[in-house]
Amino acid sequence: MGFFLETLFGGLMAGMLYALVALGFVLIFKASGVFNFAQGAMVLFAALAMARFAEWIPQWLGFQSALLANLLAFVAAALCMVVVAWLVERLALRRLVNQEGITLLMATLGIANILDSAGQLLFGSATYKIDIGMPKDPMIVLENVFQGGLLLSKEDLYAAVLAAALVTMLTLFFQKTATGRALRAVADDHQAAQSVGIPLARIWVIVWSIGGFVALVAGVIWGSKLGVQYSISLVALKAFPVVILGGLTSVPGAILGGLIIGVGEKLSEIYLGPYLGGGIENWFAYVLALAVLLVRPQGLFGDKIIDRV
Amino acid sequence: QAAEQFIPLLVYRTGQFAPLGIPWADGKQDYLKLINARDGGVNGVKLAYEECETAYDAAKGVECYERLKGKGSGASGFDTQSTGITFAVTDKAFVDKVSVETAGYGLSQSVDGTVFEWNFPLMGTYWTATDVMLQDIAKKEKGSLKGKKIALVYHDSPYGKEPIPLLQKRAAAEGFEVQLYPVTPPGVEQKSTWLQIRQAKPDYVLFWSAGVMTPAGIREAQASGYPRDKIYGIWWAGSDHDVKDIGDGAKGYNAITLQNSAAKDKVLDDIKKFVYDKGQGTGQANGVGSIAYNRGIMISMLQVEAIRAAQEKYGKGKALTSEQVRWGFENLDLTADKLKALGFGEMMRPVKTSCANHMGNDWAKIIQWDGGKWNITSDWYQSDKTHINALVKEFAEKYAKDKNVKARTC
Amino acid sequence: MFYRENGQFKSSYSADLALFPVAQDRWAMLALAAIAFIALPMFASDYAFRAIFIPFLILSLAAIGLNILVGYCGQISLGTGAFMAVGAYAAYNLQVRIDGMPLLVALIGGGLCATVFGVLFGIPSLRIRGLYLAVATLAAQFFVDWFTNRVKWVTNDSSSGSVSVRTLQMLGFEFTTPMQKYLLCLTLVVVFGLLAKNLVRGAIGREWMAMRDMDVAAAVIGIRPVYAKLSAFAVSSFIVGVAGALWGFVHLGAWEPSAFSIDKSLQLLFMIIIGGLGSIAGSFFGAAFVVLLPLFLNYVPHWLGLSISTGTASHLEHMIFGALIVFFLIVEPHGLARLWSTARQKLRLWPFPH
Amino acid sequence: MNGRKVGDVILDVQNISLGFGGVKALTDISFNVREHEVRAIIGPNGAGKSSMLNCINGVYQPQQGSITFRGKTFKHMNSRQVAEMGVARTFQNLALFKGMSVLDNIMSGRNLKMKCGLLAQALRWGPAEREELRHREFVEHIIDFLEIQAHRKTPVGRLPYGLQKRVDLGRALAMEPQVLLLDEPMAGMNVEEKQDMSRFILDVNDEFGATIVLIEHDMGVVMDISDRVVVLDYGKKIGDGTPDEVRANPEVIRAYLGTEH
Amino acid sequence: MSDSKPFLDVNGIEVIYNHVILVLKGVSLVVPEGGIVALLGGNGAGKTTTLRAVSNLLAGERGAVTKGTIELRGERIEALSPAELVRRGLVQVMEGRHCFAHLTIEENLMTGAYTRSDGKAAIAATLEKVYAYFPRLKTRRTSQAAYTSGGEQQMCAIGRALMANPSMVLLDEPSMGLAPQIVDEVFGIVKDLNDKERVTFLLAEQNTNMALRYADYGYILESGRIVMDGKASDLANNEDVKEFYLGVGGAERKSFRDVKSYKRRKRWLA
């Protein structure tokens, strides 16, 4: 029982982190109809920027405080992401108005290529660390209930709380502002959105900046866990089944999807894996998502796919 | 124009494994620069080289191989830096008559020179590593592994699976239990693996990881409270960059190494003097001497010595063909004195290859991370050949049969 | 000027139905075939065959297969790597387990296994659409990655899980030199390319495209979604399977599961989009773009005599590649094939602008 | 009025009800269509006309009622079956296959009649080639008939709206339908084009003997070319009869026609 | 033409799609302030293209204006983004409805007010006005647009444009798919807005009859060229226009049943 709970909890924590990356996909998809393959690259770029600025800024300005360094680095990295968003809009999206989803998707693959490499050229391709003082050692709770107690990872707990806070903020932002409606309109029909005067350029810069910001937060958390290096862009792979399970257009879907995938993955690996030779969690996540889609083709909370003649 | 000997340098300076690939590649190139700058080449034959980026991708590696194999008087041997690329080019090497040197990786069975005429897994294979780790564990356990539980947490790829046959063979013979935990690459999420370990409580964990899988695994071990000093990482998971950022969290983590890590050997001083001080360095000067970097210069040194040996036979001061260099690889005899003269006396142990034994002598050590640097915690171990040789024979024969290769007699 | 159709009147529908209705195109294709079958084998180097032409041909074939599914039938697939893997491993097993198995039979057998697999994973497409379908194909991708890694039988109990093929022989003939291998690939690509072209311009091709463009309307004119979608999955995975087998057998010779990872899937998707969705010729353009451009970019610093470090060069190369993708998509979102046909149209009008 | 002979009832719709959540699109609708006649359905926007067609050809499944076609009664229809029984239709919102050429769009209407297998098609064996040719000839007749020869190879997405409507009709005609359901075929056309379209429809009706069910908002057209008219309003049937009867029906005037028509 | 100064001045524009398809071959037209100008022409004449050129929505169709100038209140606008144009009061109702499928009718309408900054109350008032014009929309306000009938979507598209409080509206086939009563109403609304709020209209319309009844001035476009223009009343009395666009050739309106030949060519093109 104790072990089961640990697994469950571990799954929830991992799921929260997936959700964080998934959120970036959802925001951009929801607001522009672009499935952003570059999200992973954005995570990498943001994390690299954060890690290196935290190293450089104290050198440039000559101070010691780690907290200040992290804060300044975070701001600098966030600014970098805004610049990226602006460039992406200027150089790519602007010229791809009204094109099909798959064309846009490919363009983001191109962008991913550019970001991956530009990030490494600018910031280096070795391993860097982000140290925001996350506690790494585990804590044991409920020792009197279960034998040996329940082991929880504090780092995961902190990360999950952070992720949850971000998600709540974004949900509010999108629901309570007039921009929300405009964003959804853009996703439905670029041209019609233009015709009613929605400034695509501005919307896209905003959305991609928010996407970049989310990528930054994800990058910081994952980066403090894994170290920052090219591989961190691969955490995006973990987010695919999450986005799709939750529904491409739903913020809460990304969260719930993340939790389901996280838990499903861990439980399957631990309780089913040994019978199949292990290593099943990766495809199991997809099979889980697939099973849900067979019942709800638009994911848990996605907008219903419309077909009408 | 003076003769030139061409050495292809397959590298990965980008991609998932770049933190390992970059110092490795720098080391390989720097040593060649040193030879040219200090000695004016090998008996007057300048070394020419060209890097080709593989990004650890087999298809790209094959392209690099094809492009470089015929350069100059013929490529002097490929250090592919990747198990996958080694697999892909091994078959081609038979046809093209080019040698493939895989120090510390590659196909474990390619030790058998009768079948693998063109492969040279110099200094050690993954079976060496497995065996040495077990030796070290046995020493800690007062000589016997009986009844112990040993887990293998591995990169789920051919690379990660290499140790399995030997582990299983020895487990059967020595009465310990093997638990296998595959981690799907790239291994950014290992929570379930380490939860399982927390539950199964193996006595030791052998950690066959690469790239981001290493820090992720160590962190997860920390988070799930598994003692780091019970973990043994393979040499690709035992470089500075793998643990540096984890710091104290990785304290106690063991890794195996083919060389005396962080040894300040003469060759390093020479490189600083003849290469970096002249502004010719490939990488940053402060990278010189790191574990992965030293691996690079050792590999280039073996390469150069093979050329030197071959020149003895085929004519000093001449550019050799690939086939001629192969002879050099097969007849390496780096004694302690020779190594000392080369400036590697502290760093490594003697190597001697032969027609039948393409690995030469395999020596390895255990190092341990103390939170700030690696410390050597063991003596040199040489792998125990009782199980390994049988396995080599078995697997080499299978390959020969599959590929229709006729084994040479040596 | 040279590209005029003036005076070429089609007097029958069968003439209009011909593969290349315009005479200039026919000549161009003949010339191309002559180059491919005669000139190249005479002049090209081994390096060119092994590093350029063979991968180009095989990837073109895979791209044709994928294009049928994605470009013609509109079912997004991110699992092409898996379908290639199934083809490759199936062919491998046929070769290992049955002595004297002719190469061609093994390749076709690989294709057929991929077909079965493709149809199986195509079933969800009856319910799931668009990007959501990607999840089904990704499931296939990751499942196969795992399966080929885990199930020893698949790799004929190879300890490491990587396999290598024996000699390529067929009816006593051995394909050993790169040129022979190239001709083998070329022949297969031409044959399957023509068959695919016939399919897509026939009734079944129209069914696929109808499904893609407007499935409700397609149903109303009597097209069965089940048949149309699953047949697209079947044909596509057959071709992709054969290509996978070729990739393993001819190009790599020995491979580990990561040879058919999601990277390959993305790369192929890339090719067909940059080349042109719903265009057989586009598949070739796309493959050329992805195979040749990086090689070309790789040489540029050499030609310019620049000495930049390999790492930097490689990053720059990536960035330029990415930028070119975006650039071409902007110039022509429908791919290089469409760009080509626009150019042809201009040529036809030349020297008048419109 | 002309040589056509209106025959027996071919399609009989009984007590159809259809709702979406709270919206009642159709309530208890019954009407019939006789062979060879031109039957119009009119009614204000959102009355349920398109939904009615959707029920007939199996796009929507009505919750209640039945549809009898040539004596066989169905609870609900399946698109494929309907197509096989010889019912074709055009769409209000253009449901053409956007990426395909005009020719291919119309050819796809022949698919039901093409029998060659996959392999034969891949190889373009004699029979497959001949089959393709035969159907191509038929389609060329339609293209001539609709005067869109010049656009044969143009992707339909690029055609102006009016021509797209024509291609839509062409695709339906290619099915050689016995019953042709037309959903606002003349929307977005000027008078001349409407005249052409009317002519096409009447010719199809005359020459092919097809029965026609027509939704149209242009009263001139409806009153001129239809034999009988059904009027829907808010999902209910409020009138049924000859054009003259309908035009005189006060409820129809109130709900739809307004006074001056 | 009326002598008030031109509000919109299109001068000799050429439009090319996809770099090769030349569609407009030098179209010039002028819309006076507070006028209603009709743009007439058969299928494929280039009406939609002209409107797209004005509202700068061609890019999304891979078209481009290659020659000529477009001026709004004397200011060149070719380089302005569509959003910028809307802010200047120029709104287009696109052909084929283009409602935002996933948004409800009311949300659709509200997006129309995106550029407005005159406060919630003012917007709510406009919304009420639109609902008053189209009561049908009010009853369907919570349905997703994709699930409304064709005519309802058309109303929604028109209503959405009105939500911007425009000073000029480009209407592309507003009557398409609308029941006759509603068509009357739509034109009534056009007239109403024109009279009361001096909104300027340029409308591309197939329903020539209606269009000429309400417009002040008309242009007839064929194959990308203006072939005729004049006061609406003059056009309505022109024999050719009567025959081809109004269907009243000769004296009597012909029954659709009796029109025999559809193989005629337009006279002025011969």
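In order of appearance the chains are A, B, C, D and E, and numbering begins at 1 in each one.
FYI, a residue touches a chain if its C-beta (ideal position, glycine included) is under 8 Å from a C-beta of that chain, and two chains touch if they have at least 3 such contacts.
Protein names from UniProt, one per chain: A, C = Branched-chain amino acid ABC transporter permease; D, E = ABC transporter ATP-binding protein.
Every value quoted in this text rests on a predicted model; they were computed, and no experiment measured them.
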Distance in touch steps, counted as few as possible, from chain D out to chain E: 1
Topological distance between chain B and chain E, in contact steps: 2
Centroid comparison with chain A (C-alpha atoms), farthest chain: D
Innermost chain, taking as reference the mean of every protein Cα atom displayed: C
Farthest-lying chain, centroid of Cα atoms versus that of chain E: B
Between chain D and chain C, distance of the C-alpha-averaged centres to the nearest whole Å: 41
Chain centre separation (chain A, chain C; CA means) in Å: 32
Centre-to-centre distance between chain D and chain A (centres being mean Cα positions), rounded to whole Å: 49
Cα-centroid distance, chain A relative to chain B, in whole angstrom: 36
Sites on chain B at which at least two other chains make contact: 13-14, 18, 22, 156, 182, 184
Shared-contact residues (touching 2 or more other chains) in chain E: 21, 147
Multi-chain contact sites of chain A, meaning residues that touch two or more partners: 95, 117, 120, 125, 277-279, 282, 308-309
Interface residues, chain C side, partner chain D - complex: 13-14, 16-17, 195-196, 198-199, 202-204, 206-207, 209-210, 212-214, 216-224, 231, 235, 278
Chain E partner contacts - residues on chain C that touch it in the complex: 333, 342, 345-346, 349, 354
Interface residues, chain A side, partner chain E - complex: 95, 97-98, 178, 181-182, 184-185, 187-202, 249, 303, 306, 308
Contacting residues of chain D [partner chain E, same complex]: 1, 20, 23, 43-47, 50, 92-94, 147, 158-163, 184, 187-196, 198-200, 202, 217-221, 224-225, 256-258, 261
Interfacial residue positions of chain E with respect to chain D in the complex: 17, 21, 40-45, 48, 95-97, 136, 140, 143, 147-152, 154-155, 173, 176-184, 206-209, 244-247, 253-257, 259-260, 262-263
